[in-house]
Amino acid sequence: MSLQEVKKITIDAKPKGNNLHYKELNKQIRDALRDGHNWIVVENVSGQRYIGAGIKEKVTIEIFGDVGLDLGAFSEGLTIIVHGNSEYLLGNTLNEGELVVYGDSWDITGMGARGGRIFVMGNGGSRVGIHMKEFKDKKPAIIYGGKVKQYCGEYMAGGLILVLGLNFKDAVIDTKKPIGRDNIDPLKVKDIEGEIVQSDLGGGMHGGAIYIRGEVPDEYLGVYATKKGFTEEDKIIITPIVERFCELFNVPPELVWGKKFTKIVPVSHRPFGKQYVTTPI
Amino acid sequence: MSIFKSHFTRPRILMRNPSACGISGVLNMDGELISGRKIKEIITVMTERENGLGAGFAVYGAFPKYKDDYCLQLILEDTPDSDPAKERVEEFLKEHVEISKDERVQVRQGIFREHPTIWRFFINPKDGQNPDDVIKDIAMYINDRIDGAFCLSCGKDMAVFKGNGWSHEIADFYEIEKLKGYMWSFHSRFPTNTPGWWGGAHPFSILGHAIIHNGEITSYGTNVNYLKELGYVCKLLTDTEVVAYLFDFLVRKSGYPKEIAYEIAAMALSPPYWREIERMPPEIRKWATAIRITHRKAMANGPFSVIITTDYPKPTMIGHSDRKKLRPLIAAVSEDEKTFYLSSELNAIHAVDDTRNFWQPDPGKAAIATIGGVIKKGTEKPFENISEKLG
Amino acid sequence: MLKTVPRFKVNIDYEKCIKCGRCSENCTYGAITFDREQDKPLVKNNANCVSCQRCVLFCPKEAINISQYPVTYAPHGTWMPYYIRAINEQAETGGVLLSGMGNDMSYPMVFDYLVWDACQVTNPAIDALREPVETRTYLGRKSKNLHISEIEGKFELEDLPPNVVLSTPIVIGHMSLGSISYNAITAMYRAVKEVGTLMGTGEGGLHRDHYQFRSNLIGEVASGRFGVNSEYLECAALEIKIGQGAKPGHGGQLPGEKVNKLISETRGIPLGTDALSPNPQHDIYSIEDLKTLIAALHEASEYKVPVGVKIAAVNNVAAIASGIVRAGADFITIDGFRGGTGAAPRVIRDNAGIPIELAVAAVDQHLTEEGIRHEVTILAGGTLRSSSDLIKIIALGADVGMIATAPLIALGCKVCQQCPTGKCSWGIATSDPILAQRVDIEYGARRVVNLLRAWTHDLEEVLGTMGIDAVESFVGNRDRLRYLGPNPKEAEILGVKHAGDRLKLGSCAS
């Protein structure tokens, strides 16, 4: 496989001080793709939605600013890097690719994802990884560097969620500059104090696994989710993802491995099998 | 009266109108005035969250000259077969209050093909009785009984400006850039079932409280019954007004100690689950149980995020989402720690302030800031910050 | 004697019959006997068959079926068989016709004219399986406001009035030992204890064996005052029985022949005497007397438990309920005109009172207008046939649904209405200790638990589809109901909009 030639283009999402509508912004991105560009930089993004939605090409979109909801929704093979934050529904129904956010991304991240990986440096909201699923070699993964809120991995049917509980607040070297790998001081990444997950963790999950770095109180387990011992095999499974995370966010791997993971798995593949009866009446 | 005009005041045969919208709020915690020009930038950034059928804003600190009077701000629509609505309102007011001043609210022409008259009265109850209760009853009477008049707001040193249109149109119509206030909330609306009407836009306001809301209250019927018991009349064809009245009841009318009234109100509107209450330390559990049982019909169910601004007992802004967390809400404080923001989306805050001090309040928990600083980020345990005050 | 034709016909298929005799052993009504000479079961008297289905279900070979007696009455739209039979019976005996269970006339069922709302787009449905939908309910008086005082810089909260926690807004209604058997009542007591809800003791006192269930019982104080001793006053709640849906204005009598050792011990009366419950409570001739009795019970129970009042749904139910709240009741139980009974005169059971749906809606709206609704708990029953009826009665304004026939069906009852005979072949409505053995307490309790849990699941699922995650936000939420029946007046009384109507009705969503 030969290295692809890099063809870079920069799009300003706020020309002359006015925010581009997402429709126009996405059109410019698609035009750039059609012109053979494979590295599209978008600057001055301010809440535009649906960026990269449905794109199949294996190219890179690098974004400066805060993106709106549904970033990379339905896409299949894109690499998206956000130097900023993302609203909710990041990677909605993602098929393939890698989404990286150097900031926070709140609710419903990776809803129904069928493949690909989502890396978020900071914190998440509710229902992260809800109803992710896997099929054969397609196994989506969501990794949060910080903490998440309730219903993480709700009725998850496959794939992996990792929550690392790391605090990057003091690790940003120059706060005036966009956050990227080079702007993170690995020695100043710290553990978050206190809980990094909330209630109903894995509620109704029936596939996949959730790995939480540190302890998880029993009362936070959702219905039909259970804790299982973290084994060497688990470590082998998550190592490539953890290593990629460390590479993206300039985190020393030994910091991540320095705390024990808790593994959450489904009790059953058919958790509510007995709740319904079909006897004719 | 043209059919078109009928949407200025309450339509007689429309049903309640659920909506999903963009909300934001700004509070200068030093009490310094913020220009409407800055607010307009925030208002107009979330256009994806509206559909042009309603927008509005509340501003506090707008009338320093008359800050001890209640400002009754009204939408007036004249019907041909009776006296002008303004005269009917004035006649009614004269019976019950002293009017310090009244004036036509300046609006920019050419934005709407037709628009109602906006008028404000600065008033004070004559004597006796609790002045807040008198003003509340006056506002409710006007909305319920005086045809062609609708009360937008009736607080002191604050007013609500709203109408049927896109947020930028409403901002321009009311000449927002000429206004100044230390606290603002604003709303762009996406109503779903029927055309909006001028009074149906947010904020909903009663006395010094103004509420903006994104979502739908599924417990509406139960809440309305409760409010009826408590003497509030729900006539505005929208679910949001119940939150305004419940809030007024819980923080003011109930007479609960001011130090803990917000906590009680927030917990009543969106209580912890029983399973969480069971896990609380006994002294907190006692309060949570009592609040949930006693005010069980005040619980607002369904997806919502709301921003409540109030001047009672002092200027305060509260952001609150439902406990299932079905609507977005982000809170932020400026780097100089002077300004508190709440918004559906972070980008609206970042449009005016690139602060890195932002967070998402926990599901069902209130973020509260007041003059002097942030009281609660909404990420604490229930009653954490006031547990020392509870016996 | 002038005979009438039997109602049912028992058919035995002798090709399948293995002559095991189970049918005749199980038949308590004398319809089937076992003929020793012919060595096979015989239909002795079809007129005795009540279609309790006991023989059918106990035949190991499916050799028995019951059919309607194959005779055709001369067609007549007015003089239907029911009336002919009733006249014959009264002409022969000169007596008042008694029956058991609830009203069996085919009045329109208001529940069947109601449908409910669901979330679409503007609000998301909640997945009740995976996310909490709360059904916990507190039975008892609620304060208008919290009472908070400041003492040395700390806020003190006054204790709430006593409330009982129910895990689900379903209770089992009052059925007394005597009207139902020891095994049946024990099975249901165990079930409510396991589920975490309540059952009414009925008016027949509390057997010593059942003291252990008191924290799950509502002790009924009825006009007969049977078994109301100091132990009894320690039930989770106390309830003054003014009326019963099946027989408003009528008391009751447990005939002496049913007062065996067990019943006599429990009720505290001699063996074999009639146990009479007078029509009125003779210490309550008006509302202020009710206030006195409520206060007396509060005092006697040291204000530790809620004290309620049970009334039948009658014409003026809303105003009566209001008076009851003002008289100091902590909860009101309303029993609709289809409510069941162990024995009631047919003429009363089938005609007196009003449907529970209309009664609850009227009471809820009336108390709301008077500003006192949220201070009390409303329990309502009298034909909640299914979880859907339960859900509708809550939306119409009840805090808690009360069921009694449904758990009896769970124990085997086939609603043959023979309760007053004491011959219940299922061992439920009888004081005969041998027949009572037919209810397996363990298994019966399991089935009642299952029923309560299944209805609770149904409620959770439905609340979820309406975007409501706690049942208290559904109580009186008529806004989420729609009317789909023939009578707009009925919808108006219910405070429910007609399906598809965009017009607003007064109280449902002003």
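Each chain gets a letter, A, B and C, in the order it is written, and its residues are counted from 1.
Everything that follows uses one rule, which is that a residue touches a chain if its C-beta (ideal position, glycine included) is under 8 Å from a C-beta of that chain, and two chains touch if they have at least 3 such contacts.
What you see is a predicted model, and the numbers here were worked out from it, not measured in a lab.
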Response to the item:
Ranking chains by how close their C-alpha centroid sits to the total C-alpha centroid puts first chain B
Worksheet item: More C-beta contacts across A-C or across B-C?
Response: B-C
Fill in: Most distant chain from chain C by Cα centroid
A
Item to complete: Return the distance between the CA-based centres of chain A and chain B, expressed in whole Å.
Response: 35
Worksheet item: So how far apart, in whole Å, are chain A and chain C when each is placed at the average of its C-alpha atoms?
Response: 54
Item to complete: Calculate how many whole Å lie between the centre of chain B and the centre of chain C, each centre taken as the average of the chain's C-alpha atoms.
Response: 46
Practice prompt. Return the residues of chain C touching two or more other chains; collapse runs of consecutive numbers into ranges.
Written response: 131-132
Practice prompt. Please list all residues of chain B that touch 2 or more other chains.
Written response: 275
Discussion item. Multi-chain contacts only, two chains or more: what residues does chain A have there?
Written reply: 151
Worksheet entry | chain B-facing residues of chain A, complex | 19, 22, 46-47, 49, 66, 68-69, 85, 87-88, 104, 106-107, 123, 125-127, 149-151, 175, 198-199, 219
Discussion item. Using the touch definition from the top, list the residues of chain B that touch chain C in their complex.
Written reply: 13-16, 18-20, 192-193, 215-216, 218-226, 228-231, 233-235, 237, 254-257, 259-260, 264, 271, 273-275, 286-287, 289-291, 293-294, 296-297, 299-303, 323-324, 326, 389-391
Discussion item. Quick check on the complex: what are the chain C residues that touch chain B?
Written reply: 119, 121-124, 126, 131-132, 134, 136, 138, 142-143, 145-146, 148, 150-151, 153-157, 160, 163, 364, 368-369, 371-374, 466-470, 472-480, 502-504, 507-510
Discussion item. Which stretch or stretches of chain B touch chain A in the complex?
Written reply: 45-46, 48, 275-276, 279, 325, 328, 330, 345-348, 350-351, 356, 358-360, 362-363
Worksheet item: For chain C, which residues count as touching chain A in their complex?
Response: 127, 129-132, 457
